[in-house]
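For reference, the structure is listed below as structure tokens.
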């Protein structure tokens, strides 16, 4: 297993899922993530798992809700428009505290948009595009290896918090191929004492999200809220080139990957630019960025959209106390490292060299 | 003296929230009787839908999962695929199954999922206050067809049992009523056959119950119960539309 | 060591498999690699391209605006990617589909490979892509020709393994063309 | 000889049992239970055949039958 | 028409719609907004309009997309779970620039939740719960009269910007009855030169959201972005008791209505508390709050959820520079003016009287 | 010499993006011919769906609206209700209409919307790379049924024309193929009848086209075209399943 | 002038219509009014209540934790809302369904109305709610009895207008009960 | 006497016209057009009856027929 394979990002996700014990996959085709269902349809049967191509994204998420309720590790995947359709189901899963893993290899919006990479679903993923107060952990890989590793992790987190977990990639991370090192999954301990298996020898169990008596739902919401607060333990982020940085670029996922080159180029040119990459988008690493903001005054969010995560950066570092600039490239074209360097230069010259 | 009629064990001993004369209560009891009969109390996973029957879990002494409105068939698919040896049924109203849940029921049926669907057709959206359902009869007044359902605008009452029977994937499809003791006794037998279909691993079973909603029909319970035979049965004929191996009911 | 390259052509010309083989070859040589395909809307026909980055160190962007090398298999690809090659970079052109007179880029090394002719020599015109790839690798030296050939095993579906010999020959022919100029 | 028993506090006075009884010995009385519903009752227990129709038809499982 | 009627909030919305020329309604029942489709089914035929009870919320929004594309004034209404299901369609309408009015008389979440009032859909409404970068104007009434007035306005704004407009109420605003003064709608000028009517005597028109050629979608997204920026002209908010306020409570919709009593009570008790009520939730009145934050240091967001709009308040006033406290009451019970007074007191004592 | 076959006027003079041998091209042309024949160029509003036919608007010289995947029938409902005097048609693939769009097509049909539905059944999700569709044949290999469609897991190929015919609300329902000149000529006539159904204000018309997808079937265009007669027609019989007033085709 | 009131009972007892009539009466008197209903899950049966606020000035909250007045039509409603009435406030109880001994709240004015008996006097036990409303209005003085009666026209569906006379009589009877104590 | 005309640059070499021609006078040549497809051609125009089958079957509307 330690052999290195050359794998497409989408496939790495499917591999990670199967390795982590996912035995049920429910999905509906949509570009650019079809390698996931295709891989699952071929390889799940080998491990005794079940692959179902559902009639729609809505059916998929609800099949997953059903499988998850029985304690099975289950996954669904889609891309932006399909994820929009799953929002009601995700809200139900959160309300009923049923785990499951949702992959969004997002594409361009709004509407039918296009099939190129995009980060336009940041708000949807981090704020819950469905109704009501709910949150899902959101993991944002930026390499094929992370696609694999974070998908595995997603299953553990889903079970740990009895909550759906979203892996937010995009067309770039799904289509890209890179060497992948597979590794054995070590199962997390823990009995599931809430699952539906038939009430043999015990009193019946019930999984629901309807709470009608006075105050009950308020309490349920606070209980969920406290759970979401506990998720802060899972916060992950990566930093690079922070030494003496005068400007910290904040970015996640595919654009963070591109910026890796850009920031190296900037350093080569003597610009003191660092890179901060949230790996958990929810919970967002507010505290880490806040801490950084005591040393660094200038931040710049870069996203493949017209400005979403930048709000979290502002909330974290307290704009009006610190500078938060933004460069957005909405989907439909992908910025190259060179183009991004130009944008960073503009900000750097304005803020740092002023 | 021997007790010759008693409450089934699988029916939790609490009062129903249903309106006076609502047939949901009868249908609940019939389901519970089947759970008792086939000793399924410890192996059943019920899938409740959203409608007047949303509190199914308060009444059935089995594990229950609440599905989003219309999605019970998809949820049950997930449950049954993950737990093939459990008995899995859905309980769905006509708004739930025949309106918003059309795609889910058609495809669960077409895939031949090994589940049992209890479908309660009361020609209205009961829980939400009596709006038109896809099964609302021609001319019927509801809160959203104040001048009566007019096929030119609203289409025709949909015959779900017939549509289900048309699909290759279904094994057992029937329509019953509980509006009088005779129909009720037949309904019991049909429901048992539906249960047996799943128990014997034969595939997808579907029973449509014609059911009275006195409240939203704005009728007395008696009048409402009579309406079933007078108006509904002529359009929604009772009977078994499809079965694997026939044997007289 | 750092190298990046865009390979482009019609869908069906096998540009994706070229990129894959090159990537596998680099992996054999213990390099870091990324491969990034771009498809058009059409399922068949239309245009396709991929980007391969090879480096000793961890790779940042898998997408390259100005590549060190471009391999263009048809005229539209030349027009699109030719101008993007870095000063002093390498432009490999499928001369069987691109008229010589279209190739006029300053400050580039250009290599025109009469792929169809050479492939027919080896036995099958469908090997044109392998000829071009062999030539490009020989010229750029990004990987050893040996590695490139070995890379056919992991890169091709088992179904096509019986054709590996032919493919190797085509690569050799391409390399030879670079060496001998014909 | 048969006997029907009503669990009055559960009765909603819907009258379906009344409709169902082939002997016509049931009626909805004017007695109101705790939930505010008039309750069903037997007028002539002697005539009961124990056919269980009333119990089968009762949506609220109010009735049990003995024989 | 100047006669005063006593009208349910939901009905006021339906009346406003018809008065504003809405002739097409597509909807699917859901509590607590059923009075809207019920009213429409009865009264649209009187004015030659069409009421369709669709098979689902998804069908409803897409029927509206179809009707809107022909230039008709069309509306759909639902409540939280149903609105989740409309997110894909809303994203398409924004992408294709098709106007329409969407009413969300929101209820409790997550999942099936309950039917009591809630403000848990704030994020969904203001950030776009669907995929991609898109925005809808969000109007938040707080009385039956405003239900009527703002619904009328919603139709004008939808046409003006060729974009769906959301009216965000909740169970309280839908069920409450108040006197209503109807008034004549004055039609806004303007030809619709983009609508589909059959290409008689002109070249064909096309409404779509798919943009595939390189850079095209990027440009489309910026074009939409600029439109969203222009929407700032429509910002509305109301203030009360601002004179000498030491603490400004920020709230919208039903809870703002309840707070009207609370703040009056606080003033009676000598506490210098003011009330700031955004009427447009998107675009949010950032600038107005920012300006206020130069005079007032302490803000308190109050919401019927676990904290959503509070982020916008923080973004507006720059927390870390100003204090932003929060009281949330997630759905399942409604806070009374007295209870809210207690909460405000706590903050007031901590921040102002310290 | 007279030109006896020419490109229909309603078909914009640009090359199709379809793969070589794809029947979508033929079907597009037949639709355009009907638009010409009935002089509908100025009054048609087409509703494009998502699938290989998504660029319908590039090819048809009429107003076109793009519907979200699966929702064309609902979108067309909105269009037609708002513009009852326009000619409104949808063009939908089998993934679009028979999978995600099941509820929308069933209910548009059941309401008897006055629209014409052109349904292209090529037994796969073409655009997304050849995944199983609800219409995929038993045993057929697709990218998501790598071992062939197995009814026990994936259900049976769904016969949409038959399901449509079962609904009370439909007026004209037929299935055709364009795999040889004879079938194609018949298809033309059937499509005209479908157009006429709407033009005459008679209600909902539905034509299912069996269509080849050489690319995803991994067959040469010829082989793919032959497959239609050999494998598809026996399971998906051609013919008119329902019509208002019969008159020989 | 400010008055608020919760009216509660079984679904079917007509508490919502009581609230509506009261609200219309206040509108007649040019007051500001809000009316807020709360239903249970059950379509029929179950419990229901509504809150009416009447004031000279613009009304803030339509929801009241501690009302000035409560009209309770059954025992569960008494138990739920009785304790919430403000000190010195008014508690109107439907004595026909609530046993006298259950009504023990300190510091309140209480008014027990034998609604069923009085309604039967007027002619129909279904008029019980009107009797209670008449009594409550007479006792509280929130509106004139005259306005209350006039309010029946806008508040009731046209179908029921033929019963307006009866309803007025029932209101009168309730008011009379307050005046005369019987 | 009939004539078929091919708009070669639109041809995708699918061969459906070849299949359709009752006279068997069409074939896909080895000529490649600008899009990289081999194109169809008539071998024996004299034999053409102008039945239009080829044109009807051509998915890319490459063929026009004269008679």
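Order of writing sets the labels: A, B, C, D, E, F, G and H. Residues in every chain begin at 1.
Here is the rule we use: contacts are C-beta pairs under 8 Å (C-beta built on N, C-alpha and C of every residue); 3 or more make two chains touch, one makes a residue touch a chain.
Just so we're clear, the structure is a prediction, and the values are computed from it rather than from any experiment.
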Comparison of A-B and F-H by number of C-beta pairs in contact, larger one: A-B
Furthest chain, CA centroid comparison against chain A: D
Distance from chain C to chain B - Cα centre to Cα centre, in angstrom: 63
Chain E-chain H separation of Cα centroids, rounded to whole Å: 60
Rounded Å distance between chain C and chain D, as computed from the means of their C-alpha atoms: 87
Chain A-chain F separation of Cα centroids, rounded to whole Å: 38
Junction residues of chain A, two or more chains touched: 50, 52, 55-56, 58, 81, 88, 92, 96, 111-112, 208-210, 212
Multi-partner residues of chain C (each touching 2 or more other chains): 41, 45
Set of chain B residues in contact with two or more other chains: 18-20, 54, 66, 68, 99-100, 102-103, 106-107, 111, 127, 129, 134, 153-154
Chain B contact footprint on chain E (complex, rising order): 28-31, 34, 37-38, 41-42, 45, 50-53, 55-57, 81, 111-112
Complex interface listing, chain A residues touching chain C: 4, 6, 172, 175-179, 257-262, 264, 334, 336-339
Residues of chain B touching chain E in the complex: 50, 54, 66, 68-70, 95, 99-100, 102, 125, 127-129, 131-132, 134, 143-147, 153-154
Chain D to chain B touching residues, read off their complex: 1-3, 9-10, 12-16, 18-20, 37, 50-53, 55-61, 63-67
Residues of chain E that touch chain F when the two form their complex: 24, 26, 50, 52, 54-56, 58-60, 62-72, 74, 88-89, 92, 96, 196-201, 204-210
